[in-house]
């Protein structure tokens, strides 16, 4: 395992050197490096429990770590296919390539960290390296907000890590965190500080502000990694703080709601809030990437709720949703990136009808959103189904409602780019664009195939998840052949897929039998007797859900709150500066006297 | 008694430093402050009707009421240092005057 | 999974189509009587559909056709999942979430096809249809969650059979009256009946999603509508009115429920789409929550 | 032969010589620093008694590991600072020599009054150096404040002498501790206040804003990387050997230090000027070091001082170099300059990441050590404050990094056309020197535990007073 880190470390240097010579070469090298990483981590699947040390960093292979690392590597690997084509848009291509691999090293290290210090070091490495990549996108402010929100999480983790190490006297994760079974008060503090990092990184309401900014304006090739990959680091922290950290024992005495301790329930409510908020905001967006970013907020809510449940179904669902969302979101971002490469924009109202020029990209996007919306037979359905089953089994009706809202709301927002970018009228300026380059198409097709595979044969992943559940001592999810069984329902995705295929086949036959249709142009449509000759005017891409958006357009947004907070801090700083750092020597002497008097009066007592 | 004179001078010096905005007056106030401090130091080693701490033939070897020489040595050094600071301060003040034609800091305002 | 399953499945689709299309024809007459007209023949709906199938048609590109096939295929597959009077083509696939999400495949296909036509009216129709869905589905889902919690199963056929054998009072509609009312209101939304029909109302936006269809595609859309109606009414029937012990009882109950929605719809005005959302989130969602809290925290309904 | 006395005498001697042969100032300066380094290595450690008078009658020098580490740091940074400042350092050669002598004396001396003298020597030298900023009112402000601080320190020292009859630094706290609280209170307050001015503690350190904020390639690094750690080390020595804190002085000092840290970072957060940002950052960091010394945690404080000195020196070299070349230090004017100066940009990034305490850099080790050490005092709220403030620190440092690296307009991809026209900020040899310091910082970050082991010896040399504020405050 150490070899993997050394290899990746060396290859990041090599990619820097190569990129200095020829940026594209370095970018191709990132594909090879991440593929090598993917393969070598895959080969570690049977060596669970092995520990290795590299200098003062200690690593251990765990099933969960392996699972997370595989997800991340998949996303990094597939997104890397896009890197070579964006080199000319970046002003520091060499830095991009090497930071791309550095952030990969950081995340993988995080998942395999054996002690808390390694965990934190890897975490921070991933954060700042990815921030420097985001900076090369369209917005400095986005990178900055990303860093600040992450820093809130990092610093609270650091506090938790150090306090844990101080109290428990060990830094080995499991040993240190299980110490708190005997110290619930300190445990509550550590739990709060620790999970905060998870919340900020997953982008849970109200810490979601960085996602739309960073995902929306990062270089197109890095948005999939941010959304599909780096966000999952937060999920890992959430996992650690509820599964390894004995959260249910620490809060054993607190008020319980349907068997869930109140603090954890509160966190779940935050997850539910981010589902609802993310959905509503995603519906409003005019930019495809920002829309997908808000959808990541919503999906983060599912993941958080699932992981916090710590039961047979929802927990498995949460862990599986990680993978499904990573794959689907990466594919969707990549599809949008491919479109942006050809058209130069991600604004939905400026696009339209791209399907007639980029059908494969369209298909990729379609499958991705089907998975993201949780419609069978794609992967997203299985995980959402498990979460629903788990929530309704426990009777957590509020959370279940939010989950349902997010699920149905997702139809609305995922359909928007589909309709506005790919369907509808093709603008004349995009008449001559071509399908995405074969290298990019390969990457997208890999992800698409994965989405489909996960949907039809979820048992492949659920077996690994069951292993994780057994390690944690909770009821494992039961997989029987291709069927997934739970206490209150079962589903056999292969059968669902077959029946669906059967229905499709029936109708296809019907369609073929019926008389053939005549192909007409897109402008040849019913227009209520208006004469419209410009395709752009006949394209409905702006304010798609206007009547619905109108219902909540006045709702306050969270970002201004942060801005105001930042302004207050600045004002406090300005006050301190003008009050204590006045350029007048009289005042400084006055302060000396004041301090002296205070001390003398205080000491005289 | 002499201590109180020192403290009074210190307070006067501080008062001057807190109130005046005239650079030369500030330096004067600083000097008053240092003077007060020096007097205070002298008073630490002062012994009434004491003798100079110099061993001569007619001084008994078990002499007890001699003046402590250390504070006096200190004051000497302190005066020299104070002098240096004052000279530098005046030079700076002169430079400022050359630039702004005034010694009044409130007229110059915050220099950026 | 044998060949028989598939044959049964095919028969289920066919039967559902024939049954629901006849019922639609009858209900066209019922509506006409409400409006003091004579109304068309009871098999007029069949005539309409088959006429459309036989006509020449146009296409706006492959996604227009593909969407239509995907829509109808998805809906047909959903019909196969629906348990009718305890009968299922594929036993064990009747989980309520599976049904409601496979249904979404059909809807997505339709929306895709409609938007693929390039007609903005169709897109507006789709936008309204999806908004409408968000409105009615949430209260309904809350009720569904309550049901699953209460009976500890998510299988539609099991939920139906639990209600059978103790007479009319065993029905969930009477055991959980608030939830029952919510579901029936939601049914109006699902079926696109007044007052929730703004997304397909011809007077509103030139038929909404259907605006660009003609010929065989239109015929497919008609078929789709019939099958979708069958799925939705069956779902409510199974969940709240005890399904049917025998096929005959099932069909009778079904006809009554469907005709009821039709009659009520005949005398209703129409909500604007945002009014529909507001309505669903105020009244039915509130009722559903009350029902849920009563069941979960006070144990009502056992 | 190899006595630490040379560390003071040599620069002083050179200073006198340099007055005579003006042309060779720069050479003499470098020569004496190099000789000092040799002396540092060769001189045996231990107490050195000057002129045969045994303390308390004579002056003695305490050349222990603590002094060694601090002296080594100062000589190295002084060497780099004078080298990189080049022509400016030539102009101020004599003064720099005096400054060096003063600092070495300050760090070595074992006599309270001698310390005062050395502080004044350093102060006067630094007044003169600060005039190279060309802002004389600021120098005047500094002069007045530092002189008042000096008088306070002197009064404190004299009162200590009056009560205890000795001025020997080593072990003075034992004698002072036997005095009643009411008596030891005032001299302790005077000594702390006197030092507080030089340490830039709020509210008495107001001079630092403008001296740092208008600095040039000489003054910035000298003040931030040489004077600041030097006074930090002196303060550490005082806390370890002399100062006896009671709850009032202890909490006042702690409160002042925390206020300096928090408000300093906040003030830095709002700055739109690179040098002003660094100025307030230095102020804040000095507050943090003082928190640690006050809590009697010298090891963490020394680590922090070293990290700060190295990081700040790089930041100031790059910042002053760039802002001189582009004639502005505002955020707008410097946007994207690192596109032209990649190497400077990388060193600046390393330094700022280390300053903020990002892992893989020395600053992280320092921060972790500090927080872990504070936990042992039981004051859990202080780490909370420190880490919360670290977010603000990270926020503004990152803002600057982003601004300096990326020339893009907000909402657009960066293009090379927006990059300001290239000008020479530092010449090749200067860049190499800056890189060397950055390399030192980077390597220290890679082997933090080894650095820690060396330093822990030094921190033990600073006689550990058992009493801490935490225990004192518990009463």
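Going in written order, the chains are labelled A, B, C and D, and every chain counts its residues from 1.
In the analysis below, contacts are C-beta pairs under 8 Å (C-beta built on N, C-alpha and C of every residue); 3 or more make two chains touch, one makes a residue touch a chain.
Only a predicted model underlies this, so the values are computations on that prediction, with no experimental measurement involved.
Counting steps between touching chains, the shortest path from chain C to chain D takes 2.
Inter-chain contacts peak for the pair A-C. The geometric centre of chain A is 43 Å away from that of chain D, both derived from CA atoms.
One inter-chain figure worth recording: chain A and chain C are separated by 35 Å, centre to centre, where each centre is the mean of the chain's CA atoms.
Once the centre of each chain is set as its mean CA position, chain B and chain C turn out to be 97 Å apart.
Separating the centre of chain A from that of chain B, both taken as means of CA atoms, is a distance of 68 Å. In chain D, the residues that reach two or more other chains under the touch definition are 137-138, 140, 144, 148, 210.
Shared contact sites, meaning residues of chain A that touch two or more other chains, fall at 583-585, 589. Of all residues in chain B, those touching 2 or more other chains are 14, 17, 26, 105, 111, listed in ascending order. Touching pairs of chains, sorted by label, consist of A-B, A-C, A-D, B-D.
Contacts from chain D toward chain B in the complex involve residues 113, 116-117, 120-121, 123-124, 127-128, 131, 135-140, 143-144, 147-148, 150-151, 154-155, 158-159, 161-162, 167, 210. Contact residues on chain A toward chain C in their complex (touch as defined above): 258, 353, 355-356, 359, 362, 366, 370, 373-376, 381, 385, 388-389, 391-395, 397, 400-401, 404-405, 408-409, 411-412, 415, 418-419, 423-425, 483, 487-492, 495-496, 498-500, 502-508, 510-511, 514-515, 517-528, 538-540, 544-545, 547-548, 550-551.
Listing the residues of chain A that touch chain D in their complex gives 56, 89-92, 117, 120-121, 124-125, 128, 131-132, 135-141, 143-144, 147-148, 151-152, 155-156, 158-159, 162-163, 165-166, 217, 569-574, 576-577, 579-585, 587-589, 591-592, 594-596, 598-600, 602-604.
Listing the residues of chain C that touch chain A in their complex gives 1, 6, 9-10, 13, 53-63, 65, 68-70, 72-81, 89-90, 92-93, 95, 97-98, 101-102, 104-105, 107-108, 111-112, 115-121, 123-124, 126-128, 130-131, 133-134, 137-138, 141-142, 144-146, 148-149, 152-155, 206, 211-212, 215-217, 219-220, 272-274, 277-278, 289, 292-293, 296. Of all the residues in chain B, the ones that touch chain A in their complex are 14, 17-21, 26, 105, 110-111.
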